[in-house]
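The data blocks that follow each hold one structure.
Presented sequentially are two complexes of subunit A, the first with subunit B as partner and the second with subunit C.
Let's look at the complex of A and B:
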């Protein structure tokens, strides 16, 4: 058993190293944003807030942030509606082809976005929607809806249909049953799914790259364009603010889930 | 049992509500399936009807090299993730209380950090005057800064960093369900800890391994941001090539044929993933 002890220490040490590697980029970007140098030397030789000032002085950043919200919020709402409908049908519909339906609903989350991007571009062109907000909202909903679908499916699976049956036996119609029985049970799943959908849209680059124009450019797209031109710590300042905002979102999702049921909060990278 | 209950309530919410699926399915048909169909067709008709695009791709040119490089990189990233994630998941599956919370937070926080920003951080690490070169110079291991970017080291380190949580979480979900008394039983019956692990624990964790491997491999095939920023032309991957052919060279026929090739490979792995997760798509990532 002494050998087991050493092995255990090695295992825990290895796990600690890996977790350090996972968190490392954050510990580089945040200090870098307060550097007083205009090159990316680390650790920074001195401190300043000049990169935050530079960011605030460039109107492109707040504009892109506004665009990201104008795309992310409708994406979350549309994803919640469509994802919940799909989850209800698959979990409560007694369909013979429920497995096939859920495979189709989840697929966009896992397929390479580049394939959907080059497919959606001509479709949006035909529909006259290209470069408008609606085209990106629709595209982001395709890839974000699976997250709502998964969280709501989990909520629906956490309690029996007997509750709904009981309501209906007592004379409630389908709509009353949904409003007073089903909805309160899946509300948390819908909210968490909505937060995840927003976060997906907020971080999505490839579809935005093909479908946004100068007026609808999102934050990831602007960061991307800047990265390909110059590597000043301005991007680190933007990244730090986005990171703080993401932590807020994560905290919100975690708090929502703590109220509901424990279930790890994930997002597709 | 479900059947008899069902038969007793012809009017419940559970029956005849397939139309609930109509809105999401119509939406996906127009904005997901139809675009995919157009990509596949376009690969055969643009610029001319025939197999011209595929002849170019598979005609032993630079395109075929990119496809192989994509598969190789995805396979390497998956293998590294599995080897690194397995011990971490093992520790995490046995952790309790505050330690479990801390580990979960350290795994989930990077997941919520933008992929573009994480790749940018790795650029800071690997650049000529970056963290790694400072360290190597400081330790006297090299005399002049090493040129890591663009190249395959950055791509692998960056991709493993992004995919690791997607390997750890399905493994933990699986390992937490393994009955620990089985391991004790094996030891009581005379297996040493190594044998008990190899013959009992490892086979029982196979569903988690399958789900994690399929998920990571499938996602790695479509990586764009990390190889584009850290790999450059030396380490080109399929998504970068497709984006470039479409957006820069306006070569949509070739881009579509390349995308169709990527689609076929990814769909094959998706079907495998659905099988190993028992047809319940997304369960391994959803909970």
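Let's look at the complex of A and C:
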């Protein structure tokens, strides 16, 4: 069909335009980071890798990267555990208030982080947890858990409860049912949710500004501070690395989802 | 079917079993006894309580009151995974991440049987359900009928004394369904377990079951052998749910002479029955379509029930002819076996319906 072909080309063209508009500005940081100038200018008049060397030379950057991982990984793990439990309760718990519970769990994703930060700040201060790893991990878990909740809910919605009931009539207790049936069915959702939760924590600025201190400073917070003081292409170099890493995470999430859909028979042993 | 170790099915006694959801009574206090080794069907429209009853026995639905005795022991407090009951679900519910053999082995693994014995049992039951050598396939690679046979094998491989089936053929098309009905019956004979079978298809239940319970609005309207239910329905609901029925509301009982009893219907027809009517206020007369004979010779018939009408439509189905005759503003259905060289009735033709008084069943409306 010729008409369909033209429509299709127009659709692809439009999608490419939108994507280009949204993503191209992000790509600008890549050439900026290879500039040989002391300031940010586009296009750069010459090329060098000196800003990457400057970044590696400044101990603050690797320290912030380590902090981001020390916060991101526990956040992802906590989010996966709590988000999965919440999803199981809402989807399989036969609760009268499941819809209300879902709304409460998802709410932090929609609330402005600054409002949550204002609320958490005095609480953490009172608890004496301010500027420690735990406070920011808790805060990040609150905003990252909804992602796990949503992906695991989708996994649980993709098959009927009858599968678990079948396992039970076969003699599997609650734990064995989870281990042998529910977990294999939702593990892709849990993994994708975990990757997204990590990415959320890794990118988060507002809560980190309020809750981290010099010892727990994350990458986004360090970038923010550096931007306030001096605008050098070092930041573009950091941004480029973060950008590449985020793309990697996104790719991993997409690949996991594709594998989950293929749904192969997994051989044990 | 291959040889299979046959064992005795469980006797099931249900005593005053009830389930309410708030104000809604999903199952009124119900009593039921199922004999060991029996093939027993629960039928009824959706929302009649048949699935609730099955769910209570499987352990998915906690009953509000009552007892469920399997071989004499009350199982109400026993969690589903310790009841040792087999269950086949409507949509097979095979584990998609496991192969056919792994699916069937699952209940045996949960029972911690040695791997050698598991393999032997899986192989044996695969040949009972006529899927030998299919163990390595994924469930998604099988047809609907094959998947349902795997589900049967998984539910029966651990020799449960009681097998529950919740509309197991609901997802299959008609031809396959009839084939599977036969296979399930064969399977039932091979394993000897008691089977409780839920369906909304009365024909399927009548074909397969030793006995049937008909449920409506959360209660059992009548339980018995399919033929008894058909010939002596307890009320209008049972009469119309199991097979076709021409139902006439009775306005007045005119009186009895010898064993004959005459009634007048709400549309003014006079019918004669042999049965003494039950002493309830509202009666209906039920006449099965195959009890009525059609003729156009007014002198020919010696039957005491005679009604004249006009042929409204004629449908030739496989093996039988269904003729509908309009009498006043209602239609009466008549069914007869197809006969070679006998032409049917033409639409618009005047026709006389006649039947014997014993085929006029006077039953309570409710």
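In this section, the second predicted complex is superposed on the first by the 245 of 269 C-alpha atoms of A that agree within 3 Å, B and C clash if a C-alpha of one lies under 4 Å from a C-alpha of the other, contacts with A are read in each partner's own complex, and residues count from 1 in each chain.
As a convention for this text, a residue touches a chain if its C-beta (ideal position, glycine included) is under 8 Å from a C-beta of that chain, and two chains touch if they have at least 3 such contacts.
Just so it is clear, the structure is predicted and the values come from calculations on it, not from any experiment.
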Original post:
Does the superposition put A:114 against subunit B (first), subunit C (second), both, or neither?
Top reply: first
**OP:** With the two complexes superposed on chain A, say which partner A:176 touches: subunit B (first), subunit C (second), both, or neither.
**Re:** second
Original post:
Between subunit B (first) and subunit C (second), which, if any, makes contact with A:165: first, second, both or neither?
Top reply: both
Original post:
So, A:137: does it touch subunit B (first), subunit C (second), both, or neither?
Top reply: neither
**OP:** Go through the superposed model and pick first if A:237 touches only subunit B, second if only subunit C, both, or neither.
**Re:** neither
Original post:
Where does A:156 make contact in the superposed view: on subunit B (first), on subunit C (second), on both, or on neither?
Top reply: neither
**OP:** Pick one for A:192: touches subunit B only (first), subunit C only (second), both, or neither.
**Re:** neither
Original post:
Counting only touches as set out at the top, which of subunit B and subunit C does A:184 meet: first, second, both, neither?
Top reply: second
Original post:
According to the contact criterion defined above, which of subunit B and subunit C contacts more residues of subunit A?
Top reply: B
Original post:
Is there a shared patch on subunit A that both subunit B and subunit C touch, and which residues make it up?
Top reply: 165, 168-169, 177, 263-268
Original post:
Residues of subunit B touching subunit A in their complex?
Top reply: 5-6, 9, 11-15, 17-21, 23-25, 27-28, 30-39, 42, 84-85, 87-88, 90-92, 103-104, 106-118, 120-125, 127, 129-131, 134, 161-166, 169, 193, 215, 218-219, 221-222, 224-225, 229, 238-239, 242-243, 246-247, 252, 255-256, 259, 262-263, 266-267, 270, 273-274, 279-283, 285-287
Subject >> In the complex, subunit A residues that touch subunit B >> reply: 4, 11-12, 14-15, 18-19, 21-26, 28-29, 32, 39-42, 81-83, 85-86, 88-90, 92-95, 99, 101-123, 138-139, 141-142, 145-146, 149-151, 153-154, 161, 164-165, 168-169, 174, 177-178, 182, 199, 203, 205-206, 209-210, 220, 223-224, 227, 231, 235-236, 239, 242-243, 246-247, 249-250, 263-269
Subject >> Complex contacts: residues of subunit A adjacent to subunit C >> reply: 159-160, 162-163, 165-173, 176-177, 180-181, 184-185, 263-268
**OP:** Quick one: which bits of subunit C touch subunit A in the complex? Just the residue numbers, please.
**Re:** 58-60, 79-87, 89-91, 93-99, 102, 106-107, 110-111, 138, 140, 154-155, 158, 164
